[in-house]
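Here come two complexes built around subunit A, the first alongside subunit B, the second alongside subunit C.
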Partner chain A sequence: MDLNFIAFVVMGLAATILSGVMITRRWPVSAAMVLIAVMTLLAGMFGLLEAHFAAAAQIIVYAGAIMVVFVFVMMLLNLPPEELRYGGVTWGEMVLISLGVLVAIVLGTQVGQGLLTQGLESMGYAPGQTPAHAKSLYFAADENVKNVAATMFVDYLWAFELVSFLILAAVIGSIVIAKKRSAENANAA
Partner chain B sequence: MEGTVGVVTQFLDSNIGLVAALGKIALALVIALQVAPIMVWVERRQAAFIQRRIGPNRVGLFGFKLFGLGQPLADTIKLLFKEDFVPKQANKFFYILAPIVTAVIGLVAIQGIPLAKEIVVGGHTINMQPVNLNAGFLYLFAMSALGVYGVALAGWSSNNKYALLGGLRASAQMISYEIAMGLALLPMVFIYGTLDLQTMIAAQSDSLLFGVLPNWGIFLSPISFVIFVITMFAETNRLPFDLAEGEAELVAGFLVEYGSMRWSLFFLGEYAMMFTLSALTTCVFLGGYEIPWLSQTELVALLTPIFSAEPATWVASLIGLTVLLAKTAIFMFLFVQARFTLPRFRYDQLMRVGWVYLLPLALVNVVVLALIVGIMRLT
Partner chain C sequence: MLTLPEIGLYFSFLLFLVGLAGVMFRKNILFMMVSVEILLNAANLAFVSASKITGTIDGQVVMFFVMAVAACEAAVGLALIIALYRTKASIEADDLKALRG
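And then the complex of A and B:
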């Protein structure tokens, strides 16, 4: 048994258990903190899979930036659990849970994975082989950052720029919505 | 007896990677743990000099006074034996967790610093950077980004309005300055063409302007250096950016409910983070463990006739480590000097410095240097 494998299994188990812990917390801040722990564990797993850039980006972007804003707002409101509404499980949530179980079964069992990779085999990719995009690596396989950058700015430049345009539109949209609210509030007061 | 030695040698030979990794981590931990006590002493002495006092100069070791260097030890013993107090209304779990988070992240972050050039032991080359990821110094950024949670959690869990305000201020401040910090280092990435600190340091061992200046990042991109040093102060919550503590308005901010060893864990983490960021500045802008005009490779070549081939790399690395620590000490001293020289910013001033001045300046710097580097690559 090599150390990487043991570490990977331990991290995976911890992440799974902590995800369960996260959705059962009553305090929003506790849930957010557990989520950060899960994200850090995921980053560790990426790191063990030699995806160093993904690991660093996971922590910098999700745990270090997005979650800070979430935690900031939660702390600012600082609502105790009594003031938050907790209801029973609705039908919609039941459907979502069953969908989640279905996805877990498909992705988590060999039969399910076989079904997913069936189509790929006919296209010439066998399971366990290097994925399609990795066939056109621009740099050595361990040059993570360079390969990500090359793929992003050479192969998928248009898709990348379009997505950034979409995000810009979303930012402007959110500013417009926020402005409208504050203007209405000012009129009301 | 010889059998035991044989077994040990064999074990070391087959597990050299693991043993070396543990050794490097231990070395970095020892350095990080020494930073806090020494810096406390330096800070108190320097404060005293600036304020025309004497400062702690009495406590020594074994009858020697040593300029009061025994003071941190006495302080630690005092802190350890103080009453461990948890406020009644505090969220006990997070109240206890917060200082641990700060200290652990400080101690983990330092592992990303290349301590010296690689050494050769028994034919195995050992890279002296404990955590050497392909993503390079992004690891340090990730750890520095996580550092905010210790402060934010402390503020929230203390159940104290001053503490909460301190925690909120800290998180807003750290997000704001992280952007300028990343943009300040971006030019260095495309000037050296790598994220890896060791490659950067190797590139800085050359000379610039026909050998007058060492090829240091500070000469290649001075604006980046200035912005990075300013944001470094903000990221570590040090004066003039210590709005999170701000004794004058927030009592002590997120630290207000903390005492004894828990309080000093915050200090440990803060100093470890200061050291890590100072060492990062050294590696990116001041040539890391390289002596100016004398690269490590040349040093090893010089030392090889005196010692034999392998011990020469050890001596060179030791010299390199000393050089790194000396350069880092300059920044640590700058932290202390700034703390007792500059007044604190107001919060709106802090935000204006970050968003209105530093961020656009860093962006312009990136664009200009990108154009220059692009043109130089073309010709």
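And then the complex of A and C:
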């Protein structure tokens, strides 16, 4: 059992437990802080999976940009404490969650494992080894960013352009939605 | 003995469960959106693990697109929350029953 394996399992367990902690917080800002820790742990997991570009993007985009937007909005709303009526997990929720976890574990280990193996075998994958055709592309680990770029800007060029339009639409849309309707209010009054 | 990316798939499953519980059990819209971020992160972890298992780079590219869509979702969703708080003075899902059937 090597160090990578132990680090990966510890990070995964910590991310799962911390996200459980996060959804039971009363204050939004403390939940955001815990979520930043979860994002950073996931970045570490991506790094151990030799997806270096994904790890860097996770920290820069998620833990940086998206969480800044979240914290900014939480502080902009400036919710009074009586708005946050959360009283913790109730017993009914606890029972439902335990039942759900039980069913999910059974499904995941019995059905999911079989489906996963089946799907992978149809792609020419034997357990514990990588398909020969793919090795050259992935396992130049020091060239991960180069490989991602080569795939993104050749095979996924149209998807990339469409995503850029989506971001443009989201920027315009969020400004239109969130702006004060001063003209309408003046007409109504 | 499971390999690293196979464990990653199991962890993505667990993270997805936690995020789903957050979306279903919290009544605060802000927390529901933060839980959606956990759902998207679980999907990203599954993509990167699958990318490592199959040895192709495509999973990482799709993970980057998911990240971009998550940024859009956060921007529009938070703008909606601001507009909602301005009109209803509340961000509890229980108070937003104007469209109840």
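In the analysis below, the second predicted complex is superposed on the first by the 120 of 189 C-alpha atoms of A that agree within 3 Å, B and C clash if a C-alpha of one lies under 4 Å from a C-alpha of the other, contacts with A are read in each partner's own complex, and residues count from 1 in each chain.
Rule of thumb we're sticking to: a contact is a pair of C-beta atoms (placed from the backbone, for glycine too) under 8 Å apart; a residue touches a chain by one contact, two chains touch by 3 or more.
Values in this document were obtained by computation on a predicted structure and should not be read as measured data.
Asker: Based on the superposed arrangement, let me know which partner A:65 touches: subunit B (first), subunit C (second), both, or neither?
Answerer: Both: A:65 reaches subunit B and subunit C.
Asker: Have a look at where A:36 lands relative to subunit B and subunit C in the superposition and call it first, second, both or neither.
Answerer: It touches subunit B, and subunit C stays clear.
Asker: In the overlaid three-chain picture, which partner chain does A:76 touch, first (subunit B) or second (subunit C), both, or neither?
Answerer: A:76 contacts both subunit B and subunit C.
Asker: I'd like to know which partner A:53 touches here: subunit B for first, subunit C for second, both or neither.
Answerer: both
Asker: Compare subunit B and subunit C by how many residues of subunit A each one touches, and report the one with more.
Answerer: Touching more residues of subunit A than the other partner does is C.
Asker: With both complexes superposed on chain A, which partner does A:143 reach: first (subunit B), second (subunit C), both or neither?
Answerer: first
Asker: If we overlay the two complexes on their shared chain A, which of subunit B and subunit C does A:89 touch? Say first, second, both or neither.
Answerer: After superposition on chain A, A:89 lies in contact with subunit C alone.
Asker: List the residues of subunit A that touch subunit B in one complex and subunit C in the other.
Answerer: Correct list for subunit A: 50, 53, 57, 65, 69, 76, 144.
Asker: Enumerate the contact residues on subunit C facing subunit A in the complex.
Answerer: My answer: residues 3-5, 7-11, 13-15, 17-19, 21-22, 25-28, 30-31, 33-35, 37-38, 41, 44-45, 48-49, 51-58, 60-61, 63-65, 67-76, 78-83, 85-86, 90-92.
Asker: For the complex, give me every residue of subunit A touching subunit C.
Answerer: Residues 4-5, 8-9, 12-13, 15-16, 19-20, 22-23, 25, 28, 31-32, 35, 38-39, 42, 45-46, 48-51, 53-54, 57-58, 61-62, 65-66, 69-70, 73-74, 76-77, 79, 83-86, 89, 93, 97, 100-101, 104, 108, 112, 116, 120, 123, 125, 128, 130-131, 133-135, 137-139, 144, 147-148, 150-152, 155-156, 159-160, 163, 166-167, 169-171, 173-175, 177-178, 180.
Asker: Using the touch rule from the top, collect the residues of subunit B that touch subunit A in their complex.
Answerer: Touch list, subunit B to subunit A: 18, 91, 94, 133-136, 138-139, 141-143, 145-146, 148-149, 152-153, 155-156, 164, 167-168, 171-172, 174-175, 178, 195.
Asker: What part of subunit A is in contact with subunit B in the complex they form?
Answerer: 3, 27, 29-30, 33, 36, 40, 43, 47, 50, 52-53, 55-57, 59-60, 63-65, 68-69, 71-72, 75-76, 78, 142-145
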